[in-house]
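Have a look at this one.
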Amino acid sequence: AQTATIAVAANFTKTIEVIGDEFTKETGHKLKFSFGPTGKLFAQIKNGAPFDAFFGADEKRALKTIEDGTGVNGTYFVYAQGQIALYSDKYPVKEQPLEVLKKAEFRHIAMANPRTAPYGERAQAYVKKMGLYDGLKSKIVNGESIAHAFQYVATGNAPIGFIALSQIVDPQSPIYKKGEYWVVPQADYAPIKQGAVVLKRGQDNTAVKAFMEFVQSPKAIEIIQSYGYSTP
Amino acid sequence: MTTLRGNLNLKLGNFELNSGAFELPLEGVTVLFGRSGSGKSTLLRAISGLDKHTEGELYFGDVCWQNGKTALATQKRHIGFVFQDAALFPHMSVRQNLMYSVKRLPKSVEPADFDEIVTRVGIADKLDRGVNFLSGGEKQRVAIARALLTRPDILCMDEPLSALDWRSKAEMLTLIEDIVAAYQVPVLYITHAPAEVERLANQIVFMKDGAIERIETLQESLSRVDSPLFDDEGAVSVLQGTPQAIEQGLRPIQMGQNTLWLSDLNELKKDTVRVRVLAKDVSLALSDPEQLSIINHLPAEILKIVPEDNHRVLVRLQLQDGQKLFAEITEHSAQRLQLEVGTKLFALIKSVVLAE
Amino acid sequence: MIEIFGVEVSLDPIWLTLEVAAWTTFILLLLGTPLAWWMARMQHSSKIVLEALVALPLVLPPTVLGFYLLIIFNPNGYVTEFLRFFGFEGQLTFSKTGLIVGSVFYSLPFAVQPLMHAFEAVPQKLLDAAATMRANVLDRFFTIVLPLSQRGFLVAATLTFAHTVGEFGVVLMLGGNIPGETRMVSIDIFDHVESLEYDQAHVLSAMMLIFSLIVLMLVYGINRRFGVKVG
Amino acid sequence: MIEIFGVEVSLDPIWLTLEVAAWTTFILLLLGTPLAWWMARMQHSSKIVLEALVALPLVLPPTVLGFYLLIIFNPNGYVTEFLRFFGFEGQLTFSKTGLIVGSVFYSLPFAVQPLMHAFEAVPQKLLDAAATMRANVLDRFFTIVLPLSQRGFLVAATLTFAHTVGEFGVVLMLGGNIPGETRMVSIDIFDHVESLEYDQAHVLSAMMLIFSLIVLMLVYGINRRFGVKVG
Amino acid sequence: MTTLRGNLNLKLGNFELNSGAFELPLEGVTVLFGRSGSGKSTLLRAISGLDKHTEGELYFGDVCWQNGKTALATQKRHIGFVFQDAALFPHMSVRQNLMYSVKRLPKSVEPADFDEIVTRVGIADKLDRGVNFLSGGEKQRVAIARALLTRPDILCMDEPLSALDWRSKAEMLTLIEDIVAAYQVPVLYITHAPAEVERLANQIVFMKDGAIERIETLQESLSRVDSPLFDDEGAVSVLQGTPQAIEQGLRPIQMGQNTLWLSDLNELKKDTVRVRVLAKDVSLALSDPEQLSIINHLPAEILKIVPEDNHRVLVRLQLQDGQKLFAEITEHSAQRLQLEVGTKLFALIKSVVLAE
């Protein structure tokens, strides 16, 4: 059995830990996960971080590793697809999501930073497409990551926010079965594909190879979906 | 006459001040005298209300300054305080230090004459200096001026001269005498130096181990052979007399029918002056000696002969006007001259020795 | 937006940072002064507890501090309720006010410690002297203690200002990254790094570096040259 | 893994944090002492520049500092090349070594400033006296300066240790958050927060808070009671 | 005889030390005397190599201590230094302070007798105290012991007594005299106090405005009427004599055929003693007066009469054994006694006055 160190976008922390446990149970290979903002992980990989594989929060940065020569060509795949949900514990977002957004009676609406987090970018694109952006613009507060945007909502600082579905359906989540949410129709925004890639350092590591396969196995896909992601 | 009376207690670490009941006349200079660590500074701070842990009672005339743990704040006691190291405010000029006092006078109190005090204290030309550029003596002058400008009801001085060299000390003593006379403010004065006590004191508070041992007048204290004031220079007498006009380059001081000739020609502003005579500077002669450069020959009678250590004897004399004078001579001389109580003789004092 | 070395950077975060740092410094000197004075005068062993409490923000990771402030400042929480009672309308999080309040907590030890040490160094005798000149407690504080603690204030102000300029965790947590309102330089640089705009990050960092160096040198220079010496 | 109040927390990050903080403190006292001594002795105006440089890590956001350290310590960069030359095999980033090096930079002012002030307070006359007793420069330093700067060392050590325990940005950037290797408490708490495990975050934060309070109180207590007074 | 010779320059802020060429005999006590700010401390520090900016040259016998900007480090000069405020190490006990010296002696140097020095200096019972619990006098004793234990080739003392009270001062002076005699170490000694100079000095370096004004022996200096040593107490004479066994409770000091009677009965370890006589303590009589408590009547002849301020005159006398003595009397007395050069008369000195 071998050990692999895998860099994972912070939003996928919980899910990949569960998958990892299953994987270790089955194969005996050990895994170490390093979580962090995708951009930071990318900068670290670029500067020689000892990671064997990289699970980004979007497609862009995983692909860029291949371009930079740190990622292994041909190992890229999309491991999950995030879903955006509009959540609130104050407003009837389940029944009248767009009306709530249009009236905008709240002081703040949380979303992830569109510059750094794909969830944020898609959420912003969605409200723009619906013509709601100008009405909301002054009320948007940006979390640095989707997890951060979630904290704004979960601590009650923002009464409403675009967050990830995975954060709502997780039974451990502080807002599990509290408030109400509305899943934004997948058709209205470009899919948030989260791409993974094997890095040069891990290309001969059997544990990495095995894990990359395991993540695409039905068992893993089941876990991924149970955490609120869809899969390609 | 108003008095300062009370009984103060204060615990500082291992040290306890328990003054015992005391009553001090609010007139002239009261010196606190005692060994290092006897609690002089502590008592003065307690009287001034500078230590929050003071207990007991204290009345300044009719005004209650302390009753149990209830104390009148220092700033309401109208005290002037001169500290050993001047305690000038280092971030202010001399003038600003002085104005600090003046500005805080209540409207009801008439301000003192700034120019007069500044001139008298001798700092008129240094008003715009930073206080860090003053010598030790100059600092103390400013501190005294600052205290006077508060128009104090009582002036407290904690060893104001001990950090100074001999020359500044002499000047400052004259200044303090002068001020006491001019402003008629009662003074509480701490010192270690018998010379300062003899020069300034009206009454003396002797302290020991945190308690007041006794309170007596200067004359009472100097008439004791074992006076605590007789320390480094041995026994001392203080004579009083009336200065006369200068004659033949000397200053005559009239004491009854006799005259003491002083070679200190400084202007004397007072009617009565004190002349400090060390016992060891007094010689005795059975007959009035001729052809001798010593000019002061005072007729006297022996009151008492006290043997001392080191084969010396202390002879207590009475002058013709009733004042007492000590002479210290060797046992050998006393035997040679066959001195005994009642012997009439002449006390010889070199005039130049008298200058203070 | 200005162009420096061919790179476009927005100056807003810089102004905002300076504004927040200035307010934080101002407030901390205002609040820290009585606190430090009180602590400097304390004799009991409870002083030690207070010193430790004041030093706590040094030990707590800023993001953790920020997270708990986020919880405490939540608009339905007690703190906001309490402020509402006094007519406060806004919200502590996602606002400049919130950033400033967070920074005040974060930089507390940097203001209080130097002030306390400066106050402790003021000779008691000078205060006694002032008391005999009819100055009451407040008067003594303003006319003696404050002027003699100049250096302490200078150090406290610099450290507080510097530390607030460099703060990241608390601001990140509390701010919500609203341009012109809560997007400070440190976060702006971080965003540039995250979105792979390394050039902008470099330019902003260089500006910050140079600015800080100049300010620090000025302060240390003044400190050495004009410090009032006591004693 | 242990259970506290029904919450499972891993102790690894705690031990790692203490280890890194201890090493950082040790190294900074070792390196900071000669630096601080040199600065304390300096007379020229270049002292001001040095003081400002040493204070810089206060101003730089830790993530920015971390980012640049990441670039500088890149395994193909000059610094690593240079160390290779001396037989250094490993890598400065993503290892305990890296964390320690980063922390050393980050906490530099917290060690050097108190030491410098302590050294400046040692009376020149005592050093002169020692010289007349045939003590050379090093001898004087170890027998006079060091013992008289005890308080300064205590303050420097506490601040450095505390600040390293609480450090987040540099560690996150340089360390890479690798469990058992570079995942310190501050990051662990943050990870728990990110993955919605608030209970774990609360327990860890509380442990950290209590531990820090105790350490700080001990240090301030010792400082007040046993400080050698000079003069 | 080896000498310390050189020419040192040092700039400190606005102050410049330019000693000029000097050569000091390395024997006995050399006092540096001069007004405050004249550069005494600066010169001593330059000689000791304590100031890095010193320039010029300095030779201790054959050993080069300074040549241009190249200086031998202080720790290699084998200097003992006693500072005004003792400069004891506050973090060490008395014993540790002393052992600091001893431990650093090179193997080639034989250690001094620790117990003897400690006993002589009078701190044998205080070895295990912390230095913060010593009085000022005790601190200076430790500092002196510490300097002696370095086995110094020369002992530098910068106002070692000025912080002490009169009693400690007197004790310490005796101690220093004692040490100079016992250990035969040359001493460079700074003081402001003429009394200390007269007691200790073999030669005196007068400093003014950063330069050495002149170097002369004590006797040379005291024979000048305008000696800078005559300051607060006026002119002073120093008489030398041989102490004899105690008689009738007095100590006779033989000076030629004449005897001076001293009432100081302390044990005298030396063959020759110095007796310091203030001119104002000397009276003059044309005939040998009888029936007088003053026992010292020395026949003398007037060498010179110098008018002074304040109607006084200074009379320079020659005693029978050739020693010189000043008497200060009033102009009035001088006229009355018709004193002039060549007059033979008697100098009267109260024995008790002589004690030092």
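Think of it as A, B, C, D and E in the order they're written, each chain with its own count starting at 1.
Keep in mind that, in the parts below, contacts are C-beta pairs under 8 Å (C-beta built on N, C-alpha and C of every residue); 3 or more make two chains touch, one makes a residue touch a chain.
Values in this document were obtained by computation on a predicted structure and should not be read as measured data.
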item: Number of steps on the shortest touching-chain route linking chain A and chain B; value: 2
item: Longest centre-to-centre distance from chain C, chain (CA-based); value: E
item: Geometric centre distance via CA averages, chain E-chain C, whole Å; value: 60
item: Chain D-chain E separation of Cα centroids, rounded to whole Å; value: 55
item: For chain A paired with chain C, centre-to-centre distance based on mean C-alpha positions, whole Å; value: 35
item: Overlap residues in chain A, where contacts from two or more other chains coincide; value: 40, 43, 148, 151
item: Contacts with 2+ other chains: residues of chain C; value: 67, 190, 193
item: Touching pairs - complete list by chain label; value: A-C, A-D, B-C, B-E, C-D, D-E
item: Chain D - residues contacting chain C, complex; value: 45, 47-49, 51-53, 55-56, 58-64, 67-68, 158-159, 162-163, 165-169, 185-186, 189-190, 193, 201, 205, 208-209, 212-213, 216-217, 220-221, 224
item: Residue numbers on chain D that touch chain A, as the complex places them; value: 67, 70-71, 73-76, 91, 93-94, 172-173, 176-181, 183, 191, 193-198
item: Interface residues, chain A side, partner chain D - complex; value: 5, 7, 10-11, 13-14, 17, 32-36, 40, 43-44, 47-51, 145, 147-148, 150-151, 154, 167, 170, 172-174
item: Chain D-facing residues of chain E, complex; value: 45, 48-50, 73-76, 78-81, 83, 85, 87-91, 100-101, 104-106, 132, 146-147, 150, 152, 156
item: Touching residues on chain B, where the partner in the complex is chain E; value: 165-167, 192, 232, 248-250, 261, 263-265, 280-281, 283-287, 289-295, 310-312, 327-334, 336-337, 348, 350-353
